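Take a look at the structure set out below.
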Amino acid sequence: MFRNQYDTDITTWSPQGRLHQVEYAMEAVQQGSAAVGLKSKDFVVLATLKRAPHAELSSYQKKLFKIDDHIGIAIAGLAADGRVLSKYMRNECMSHQYVFETPVPVQRLASKIADKSQKSTQSSSGRPFGVGLLVGGYDETGAHLYQTCPSGNLYSYKAIAIGARSQSAKTYFEKHYDTFTNDWKDLIVHALKALKGTTGDNVELTTKNCSVAVVGKDL
Amino acid sequence: MFRNQYDTDITTWSPQGRLHQVEYAMEAVQQGSAAVGLKSKDFVVLATLKRAPHAELSSYQKKLFKIDDHIGIAIAGLAADGRVLSKYMRNECMSHQYVFETPVPVQRLASKIADKSQKSTQSSSGRPFGVGLLVGGYDETGAHLYQTCPSGNLYSYKAIAIGARSQSAKTYFEKHYDTFTNDWKDLIVHALKALKGTTGDNVELTTKNCSVAVVGKDL
Amino acid sequence: MFRNQYDTDITTWSPQGRLHQVEYAMEAVQQGSAAVGLKSKDFVVLATLKRAPHAELSSYQKKLFKIDDHIGIAIAGLAADGRVLSKYMRNECMSHQYVFETPVPVQRLASKIADKSQKSTQSSSGRPFGVGLLVGGYDETGAHLYQTCPSGNLYSYKAIAIGARSQSAKTYFEKHYDTFTNDWKDLIVHALKALKGTTGDNVELTTKNCSVAVVGKDL
Amino acid sequence: MFRNQYDTDITTWSPQGRLHQVEYAMEAVQQGSAAVGLKSKDFVVLATLKRAPHAELSSYQKKLFKIDDHIGIAIAGLAADGRVLSKYMRNECMSHQYVFETPVPVQRLASKIADKSQKSTQSSSGRPFGVGLLVGGYDETGAHLYQTCPSGNLYSYKAIAIGARSQSAKTYFEKHYDTFTNDWKDLIVHALKALKGTTGDNVELTTKNCSVAVVGKDL
Amino acid sequence: MFRNQYDTDITTWSPQGRLHQVEYAMEAVQQGSAAVGLKSKDFVVLATLKRAPHAELSSYQKKLFKIDDHIGIAIAGLAADGRVLSKYMRNECMSHQYVFETPVPVQRLASKIADKSQKSTQSSSGRPFGVGLLVGGYDETGAHLYQTCPSGNLYSYKAIAIGARSQSAKTYFEKHYDTFTNDWKDLIVHALKALKGTTGDNVELTTKNCSVAVVGKDL
Amino acid sequence: MFRNQYDTDITTWSPQGRLHQVEYAMEAVQQGSAAVGLKSKDFVVLATLKRAPHAELSSYQKKLFKIDDHIGIAIAGLAADGRVLSKYMRNECMSHQYVFETPVPVQRLASKIADKSQKSTQSSSGRPFGVGLLVGGYDETGAHLYQTCPSGNLYSYKAIAIGARSQSAKTYFEKHYDTFTNDWKDLIVHALKALKGTTGDNVELTTKNCSVAVVGKDL
Amino acid sequence: MFRNQYDTDITTWSPQGRLHQVEYAMEAVQQGSAAVGLKSKDFVVLATLKRAPHAELSSYQKKLFKIDDHIGIAIAGLAADGRVLSKYMRNECMSHQYVFETPVPVQRLASKIADKSQKSTQSSSGRPFGVGLLVGGYDETGAHLYQTCPSGNLYSYKAIAIGARSQSAKTYFEKHYDTFTNDWKDLIVHALKALKGTTGDNVELTTKNCSVAVVGKDL
């Protein structure tokens, strides 16, 4: 294989001003099973395809994690990295609750994850995380949906999909977003329709191979 | 030998978003002697082939370890790495017992091992562990069977096999799992039948070359 | 790709007395979306193009940050690095306010960022920041506009543009600077006109794709 | 010499899931002068060939070390590494005696050495030990004979040989083990016969070029 | 580009007994804009060309720094490195003043900078500073003019020039030094004449593109 | 020069189970000027050739060091390394005398040096010592003569020679050892005769170019 | 340039048992301007050629340093390294004076410098010093003249020269040493005559381009 010389070390810039190792870690996200998120004024819905290492005998691998009563995440990419980050987020939630006696604002938590990711791209003794997160939550300012990347970037979305074949789900959202209502049951239907597009034609979505989570007002 | 340039350092991503060193460590698991695990509602059975460095004069090398009264593990891969991890698990059990005055839940322990493995894949000063574990245990929520990988992944199974020629055992489980009962004696028979498939035709399973462990309710 | 041998390590000088890694990080700034800044006697205006990862469904990525009541920054380059630096600046502002009980002078803050950047170019265990900042602020000595680079250089400007196609905006400033007044509304118009030059012909500047900030006297 | 690319660093896995540096260290054991060990119910006998750097004027180099009253070791490989490990074992014995006021069990000590060896295979700042040990001892549970490797593996044997041309001694043990009695004088005879096979035809075993040690009940 | 193999690491000697990285850092000094210094019995004059990144809209970059009431420096090379060193010198001045209650002698300060530079050439975890300094000061023993290099060398001069096209200024000093008087106004004229030689023919020295500093007796 | 790939790092094993860097350090010993040692029941004699960097004007370089009243060493190889080790030995002697109030046994001291040497072969941040020592001493158990190597090996000898052309001296010892008496004057004669063989034919041994030391009973 | 593979790292032995980096540092000494030293019973004279970076306008660079009232040094090689070592020596002198209330013996000081140099050849995180010293001093045991090398070697001389073209001075000393008297004025004449041989034919020794120092009895 031909090797681009600038991609060995994470702390090496290429002449074009790029950090190859960060980009390769983002590729790992693109190869994870798909996850979609969408939000209305008061609700966020996250949905993921579950992959099972062995279809019949194993449980499906968890891709949705509850972080706090008002925050959940969906991951795409290295499951082990995702588990480590979710543990970090739970600790942050608890320590914020303890210090401020209020639930952590969603953006603040998403921002902490993004900072932790950025840090891992500037130190030469580790590697960028190989996982992308959809962070969905509801706080005083309403429902929020964030995407974090291995690079440390943080985006706010109304609806987004990450992971393998996520382009199809994005296209679905573009076409139909205007029709979304503030009914969380309606959002779930849209989430599943979008997720369906990321699977093969002969795969049926069942409670066994996909997970759905809802966060929102008065749930 | 042709060398893929991305596999020297554990903390280097390949352009395809893969961590080669982790994958090579998982190869070490595939070359260890086979281990199988299966569970019913109340029992978990682990069984391993023992390999002896010198058939007649040496004892067989231990592949099954008792971790606590309610937890046991089976390993495939580097025996020395497995011994180190089992020692770590025993310490975790004791310290959990000491602090909480209850036995450690099985999932919690499996999760700790997975986190320890993930950590070793993100630090540039060591190497991933070269061993896979089947963790079987029984706690308040019933019997559990987990598989951990060098990557830090953690899977829950009803029945699984790892190590050399484990595909044959997996196939056995797929065909016969529906016939498993909640009788641990029955589970042992199935475990041995599955294990038989991973050996050569002219090898007979005896108490000398295979080990069996049962964890479960009221044993 | 042909590799210049001196650009692997940040702490390696080339025979021409250059530090390639620093120059490549500055290239990352050139590829960020454009940001412009200009000042009159009493006001500084910063304006940026926002880039959205997904035009309709995502919010636009923030390129303008409020640091303190009297200081704001615009960034071009790696957004994650910019977010980390802005957090650092906010801390510096608060600690200066706390110790001296006066707002931090603009130049002092810009100087701190430059020092932090220089430091990252002399240590072999990290990488230069991949972000350029326009620091605009107003203090007892009037309005100030600074540009910081990944190299640690610090420049004072009357009007400047950084990022992709910034040359066009610079040309605009050169031609029209003499006509600038001390009216901040007038400055905003000039900022937007300059920013327009950095976009394609068929792009219209709207509140959705550009941000404007004003800092100054009695605002 | 053709170089396999995966064997430079100890912490690098090859695509086949092997750690080359560990295997090369085991090669160093294979090139040391031979050592044999055998045990009956109550006795362990260790015997080694001594190599002298200069036959007539130097003393022979020590290959058998007394660790405690009830434990001895025989080494093959780098003598300097062996001396360091034997010193470590003596310290462990003393500290166990001091804390528990009983002699250290043989398996516990062998296990400590194996753990120390495993640790040196997972750290990138050192090298695996280049020495193999036969650990013979007698404790409450009878006589024990262990072999440790640079990899950290630990085997229990009835009779074993390590070092140069050890295959011949192993073959001797396979053929004759059934005839061994529980008489330590008898064991010594067998040890020497096995050791004879690892020397050239015209070499006579004398008190000058071989050492024998016996550990056991009521000695 | 052909690469001389000895210049990667700063701590690597070439077979000719040279440290290439130090020499390359000195090249960075040669490419900075010119700085000249000259002294009489009681006065030192420093003068620099200012370079502006953008001629009309930016302020010129500072090349002359006041360190203490009796000491000033002119820099050539990396401005960011120079700013860091000047900050270091100010601290040294203040701490000397505090401890000894007298201004720091000029040579002592120059010596400290040289030691700091030497240190950075013997450690493998950083890089040599890429800046040369002219240190001018006046103390009890009269006026002093020192030049420091990235290598840590320290020279005392009556008149010297560093940076791009400095040879021309040196030649001027050689021809005219004998005519210098102890009048600082006269020295400034000579400094500017020497500096003029380092610019292109059609460049006029104005207060906008050059800076002059005088340190001396009873100023 | 063709480079064997396994000899760069000291902590890298070659496939043949060898540590090349250790072997190269031992080559440095072989190139030092010769040193011989021999012992009888009560006496040890050490003798070395002195090399002078400049025959007439310089003193000869010291190759024999007194460590304590009852111990002396002769060195071959890097003189600077030898001086450092001899300083270490003197400290060990003093601290043993202080703690135990008896002189340090010769073997114990030799063993300490060997351990220090072994340690330097297992750490990746240094290099093996490039010096071999003959340690001669007299204690309660009689006269002792040890040789230590860069590898950390330790040998006990009746008579030995190290350094350039030492083979000739070894041959002398083999032929004549049986005729040695317990008279130290006699031993000195043999030492000088052996040393003579390591020089060119036209070199005469004088008090200027060789040193002799005697340690023993009632001296 | 062809690169010998063993000279990159200071801690790498070549197969011939040599440390190339140390030898290259010694080459740096050979390229410094010459320094000579000679001694009689009661006096030591050191003399050096001064090199000026710019003949007319700069002071000459110092090559002779006073360390204490009774000790001086002359250096050849990297001046910056020499300045650092001389500072170290002054500290050692002061601390010896403070602790023992007597001046430090000359040999003890020379030995400390040699140890410091040896240390820098065994650590992989720095480089050997690139400077050679002539240490001249007078203490209770008379006058002493030592030479130290980057390798850590230490030689005692009656008369010696180091640096560029030093061979010519050595030859002078060999021819004339027998005629030296114990008169320090006579020694200075010889020193200058020897030094003259290291310069070109048309260079005249003056107080401007050479320095002379005398240490000795009752001066």
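Think of it as A, B, C, D, E, F and G in the order they're written, each chain with its own count starting at 1.
The rule is simple: a residue touches a chain if its C-beta (ideal position, glycine included) is under 8 Å from a C-beta of that chain, and two chains touch if they have at least 3 such contacts.
Since the structure is predicted, the reported quantities are computational estimates derived from the model, not experimental observations.
Novice: Please report the smallest number of touch steps linking chain B to chain C.
Specialist: So the least number of steps between the two chains is 2.
Novice: Distance between chain A and chain D based on Cα centroids, please, to the nearest Å.
Specialist: Taking the mean C-alpha position of each chain, the two centres sit 54 Å apart.
Novice: From the mean C-alpha coordinate of chain F to that of chain G, what's the distance rounded to whole Å?
Specialist: The separation of the two C-alpha centroids amounts to 30 Å.
Novice: At which residue positions does chain D touch at least two other chains?
Specialist: Correct list: 4, 9-10, 124-125.
Novice: Think of each chain as a node with edges to the chains it touches; is that a line, ring, star, complete or other?
Specialist: Contact map by chain: ring.
Novice: For a quick check of the interface rule, what order do the chains take around the ring, beginning at chain B and passing next to chain D?
Specialist: B, D, F, G, E, C, A
Novice: Could you pull out which chain E residues touch chain C in their complex?
Specialist: 1, 3-4, 7-10, 20-21, 24-31, 53-54, 56-59, 61, 77-81, 83-84, 87, 124-128, 130
Novice: Which residues of chain G touch chain F once you look at their complex with the stated criterion?
Specialist: On the chain G side, the touching residues are 4-6, 9-19, 111, 114-115, 117-119, 121-125, 151-160, 170, 173-174, 177.
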